[in-house]
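Each of the next two complexes has chain A plus one other chain: chain B in the first, chain C in the second.
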Partner chain A sequence: MTNIHIDVHHLTRVEGHGNIHVDIKNKKVEKCEWRVPEAPRFFESMVRGRHYSEVARVVSRICGICSIGHTLASVKATETALGIEITPQTKKLRRLLKHAENFDSHVLHVYFLVAPDLLGAPSVFPLVATHGEVVARALRLKRLGHEWGSMLGGRTTHPTTVLPGGFSKFPTIDELKALKEKMLAAVPDLLETVKTVQALAPKVPIFSNPTEYMALHSNDEYALYDGDIQTVMPDGKKETWKVSDYKKVTNEYVVPASTAKYSKNKMASYAVGALARLNNNFAQLHPEAKKIAELYGLKPLNSNPYMNSVAQIIEAAHSFHESLAIIDDLLKTGINDEELVKPARFGTGAGATEVPRGILFHEYSYDKDGICTDGNCIIPTNQNHANIQRDFDKLVPELLSANKTEKEMTLALEMLVRSYDPCISCSTHYLDITFIK
Partner chain B sequence: MSKPKVGFFDFASCEGCQIELTNFGDAPFLELLNHIEIVEFREAMSETVDQLDIACIEGSFTREADRSRLEKIRARSKIVIAYGACAATAGINALKNHQSDYKKNVYGKDADMPHLDSTKALPISAAIKVDYQVLGCPMDKYEFLDIISHLVHGKEPVIHDYPVCMECKRRETICRYEQGDHCIGQVARAGCGAPCPADGIPCEACRGFVSDPNEEALVKVLMEKGKLPKNRAETKSRMFTANMRRDAR
Partner chain C sequence: MKYIIGIGTYAMFDDSIGIRVIENIVENNLEKGFLALDLSGNNLNLVSYLNSDTKKILIVDSADLGLPSGEFRFFTPEEVVSEKCLNGFSTHEGDVLKTLCLAREMGYPIPKVIFLGIQAFEMKNEFGLSDVLQNNLKNYVQAAINEIEKN
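And then the complex of A and B:
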């Protein structure tokens, strides 16, 4: 096997459209590329001229999977630009909503997009016949995430109730109690999920490529909704930045040979997502999530990108248990029908939140009438593209020297991309497209 | 028809409508699989087939490069359903259609690169014949089931042509205008059950206009009752119905 040609057009089981191209001639890697041909959609242009109350509802449409995260990043940026200080209750409800998205999306990714690779199936549908209970469990957990997020956000795809300054509608105490009951009833499904992943864990490819990991960090909790920017280097050294300095760490640049726009900070590339969060903030995980991490032997710093899917299950458990605690707290304090906090000024502001696929930045400027004049969004998948390429550059020669077949190599590369859980519709709101010649 | 072979395809969109398909829960979704055979679905599966009974297409037609892919799907499908606002009306994607500088605004000096080709965002019916639509952003997953159910049983689905206001009245939601807000439910096509006003936000007509909307009256009401300044009143309906406005037709 000296000549290998891999041409995966529109990789399946990822969100959006991506291509993999590898050319190996006489054992020499001539080309090894991750490309994104998704149609651009121009969201930054669309928000111009929209009122501040509408902007989050426009940009939530960037992505159907992480529309809660886009909504939250957007209202946070708008609140900074408008000098709005949200109430402690709003923050609590938004944290609960963020956990819902994290849980919901991780369940979707691990069960529907990754598990078929590990179970040797082309998709989840043949598994209905061979692993019926696993599929039913996946659908039950997905439904739970959907109901949990919908209770707070109105719905999970393009939430309705989340506005700059607070919420337009609040869950009732009865609804919170009902959600808690449903979550407690789902504990057996969650435990089974942990077991299923444990059984599949030996099939996760072994590969290591140390990189810089970026995530939000907060002294108060395992940061998802809010925090400062932090990175951890391969030697364990950490550094933090304010969210308002996001451009200093994302440093978008254009690769000469390709038209894709990448991000870098201190190293040639950095990674964001569940594994990046775990590597930055492991100590703050819920004890139940830590137990699962121990079971899987995952501890920081872990530099195997394939472990991102495993990190997602650990995070799903974290979000589940943290949320039960938030619900108990809300049941104790009660929920007030709070008015929206009004703007104090109109200017420019940035906001960040952790979406399932990593750190997300939004920034807007508003004129004196509250009309948006400028917008910028930097998406997790954008930030990961350079790291995916860097993993390709290390992995392909390794696979080649291990005498892997073209088929095995293709699967390994596909699985690598899937493990990042790329969200390409998101990433191509901006310049992250390469032309397929 | 016997258990139809169904495929799912995506173009310029957020893919949120296909995510809605995963939110039914175990019993309803597994029951659905007793009535249709999902044979192609890039985001969820690697398998492909030659012939389809029903092709469900998500996303807008935004560049010539996508025309042949749409035509190929049409050629091998008996029925084509445009599902979600992006496919049915171009929805939010059309919000940039009135601008002339959107490429420059987003891509700066790289705006003229050939792969960034994006013309006006159009419904897929601008490229191929569409048989049925599932409206909404996101689509209502139960309306999707209803339309599939009609087709499986050989019946014609019913598409509503009355405004969202009727659904607010039916569920006894207090009018947004009575709450000091604005709304465009009076010209928006119903069928969603009016969740947005019930959640405390205005209807923004994500399902498109009813037939023959009175756009002048809409602007007048937005200004007089909704207290919107003239410019906001005139541009409000660009949110999801840019392609259906008189100035775009």
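And then the complex of A and C:
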């Protein structure tokens, strides 16, 4: 095997479009690129001229999967800019909503996008015949995630209840009780999921590429909704920054191979996402989630990017158990019909939240009338692009040395990209059909 | 319960027509006897509405029907085959027909499902809607409501 040409155009089972291009001639890697051909989407321009109450509704459209996260990051940034201090009840409800999104997205990614690789299937469809109960369980858990988020956000895609200063609609005690019952009924499915992933874990490729891992960090909890920026280096050293300093750690730049912006901090690249969060905040995982991590042998610092999918299941369990505790707390304290907290000033503010794929930053400026004059959004997938490329640069020569075939190399690279769960940009969902009647 | 469900993405021009129909219904308080839902690209969330008490689902989506741009047609899942070649199945690679197919195979109760397919003028990485679809938006909304009101 001397020449290899890999050209994966529009990689499947990732959210959006990314291409893999590898050229090997006479056992020499001539080209090895992760290309992201997305078009500019101009969201930052679209929010200019909008009232602060409208901005989150606009930017939630950045992503159909992480629209809860975009909404939360947006209202947090707006609240910082407007000097709004939210109530403890609002924070609890938002944390519960954030957990719903992470649970929902992680279930979708692991069951529908990653599992087919590990089970040797091209998609979830052939698994109906061979692993029907696994698919049925996946659909049940996906449904739970959707209903959990919809109850709090009005809907999971582009939530309507979350506004700067609070919520426009509150869940009732009966709705919270019903959600708790649904969640408790799903415990067997969650336990079976843990077993399924444990059974598939030996098929996760072994690869290590130490990098800088970035995530939110809070002294109060495993940070998803709120925290400071923290990175952990390969030697275990940690450093934190305020969210307002997010540009100092993201340092966006462009590369010829992609239209998406790349990011770097102290090293040539950094990683965000479930594995990055675990590497930063492992000690704060819910005890039940920690038990699962121990079962999988996953502990910090883990530098195998393929393990991000395994980390997602640990996080799904964390979100599940943390949410049960939040619901119990809300049932105990009751739900107050609180009014939105009004702005105390108008200025500039940044907000960050952890979305399924990693840390997400939003920043806005508002004039004296509350009209947006500037906006900036840095999404996690773009922050991971440089690290994916850096993984390619290490993995391809290793695969070559191991005499992997072109097909095996292609699969290894596709699986690597999929493990990052990239959400590149929205594609179309139109129906392309032929009438048969 | 009856549902009108919109599918699509705002970021891909005419692909957004399904969710713009839903947006229009909600903004004008036209939900009477049915719920209007925006599923965007999360086709898999359709399974949450496949219940024994679901009487009818109307799915509004952009479609390549071979019609002049802006025209629409109602059809059932049984009347069509998807021409999309899908290696995978994700929120960005799939269509709602595939979700229905998966749900049927998994034994979910499938109510009466009707599609309102709207012929797109242009799909591109851009926000907005073509003039022809924008000018016909109210017609699509009314057609969707008329259809969901039928038994």
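As a working rule, the second predicted complex is superposed on the first by the 420 of 437 C-alpha atoms of A that agree within 3 Å, B and C clash if a C-alpha of one lies under 4 Å from a C-alpha of the other, contacts with A are read in each partner's own complex, and residues count from 1 in each chain.
In this text, a contact is a pair of C-beta atoms (placed from the backbone, for glycine too) under 8 Å apart; a residue touches a chain by one contact, two chains touch by 3 or more.
This is a predicted model, so every value here is computed, not measured.
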Per-residue contact with chain A, leading partner among chain C and chain B: B
Partner chain(s) touched by A:G49 [first = chain B, second = chain C, both, neither]: first
Partner chain(s) touched by A:G273 [first = chain B, second = chain C, both, neither]: neither
Which of chain B and chain C A:G69 touches, first, second, both or neither: neither
Which superposed partner A:P122 touches (first chain B, second chain C, both, neither): both
Contacts of A:R57 with chain B and chain C, given as first, second, both or neither: first
Partner chain in contact with A:G154 - chain B first, chain C second, else both or neither: first
Common interface positions of chain A, toward chain B and toward chain C: 12-16, 38-39, 41-42, 46, 61, 64-65, 67, 108, 112-113, 116, 122-125, 128, 135-136, 139, 142-143, 146, 155-158, 425, 429-431, 433-436
Chain B residues within the chain A interface of the complex: 10-20, 22-26, 29-30, 33, 38, 41-47, 59, 62-63, 66, 91-93, 95-96, 99, 101-103, 105-107, 110, 113-116, 118, 121, 137-138, 195-196, 199-201, 204, 229, 232, 235, 239
Contact set on chain A toward chain C in their complex: 12-16, 38-39, 41-42, 46, 61, 64-65, 67, 108, 112-113, 116, 122-125, 128, 132, 135-136, 139, 142-143, 146-147, 150, 155-158, 425-437
Chain B partner contacts - residues on chain A that touch it in the complex: 10, 12-17, 37-46, 48-51, 54, 57-58, 61-65, 67, 108, 112-113, 116, 122-125, 128, 135-137, 139-140, 142-143, 146, 154-158, 160-161, 163, 168-169, 254, 259, 369, 371, 425, 429-431, 433-436
Contact footprint of chain A on chain C as seen in their complex: 7-12, 15, 37-45, 47-48, 61-65, 75, 78-84, 86-98, 101-103, 105-108, 115, 117, 120, 123, 125-127
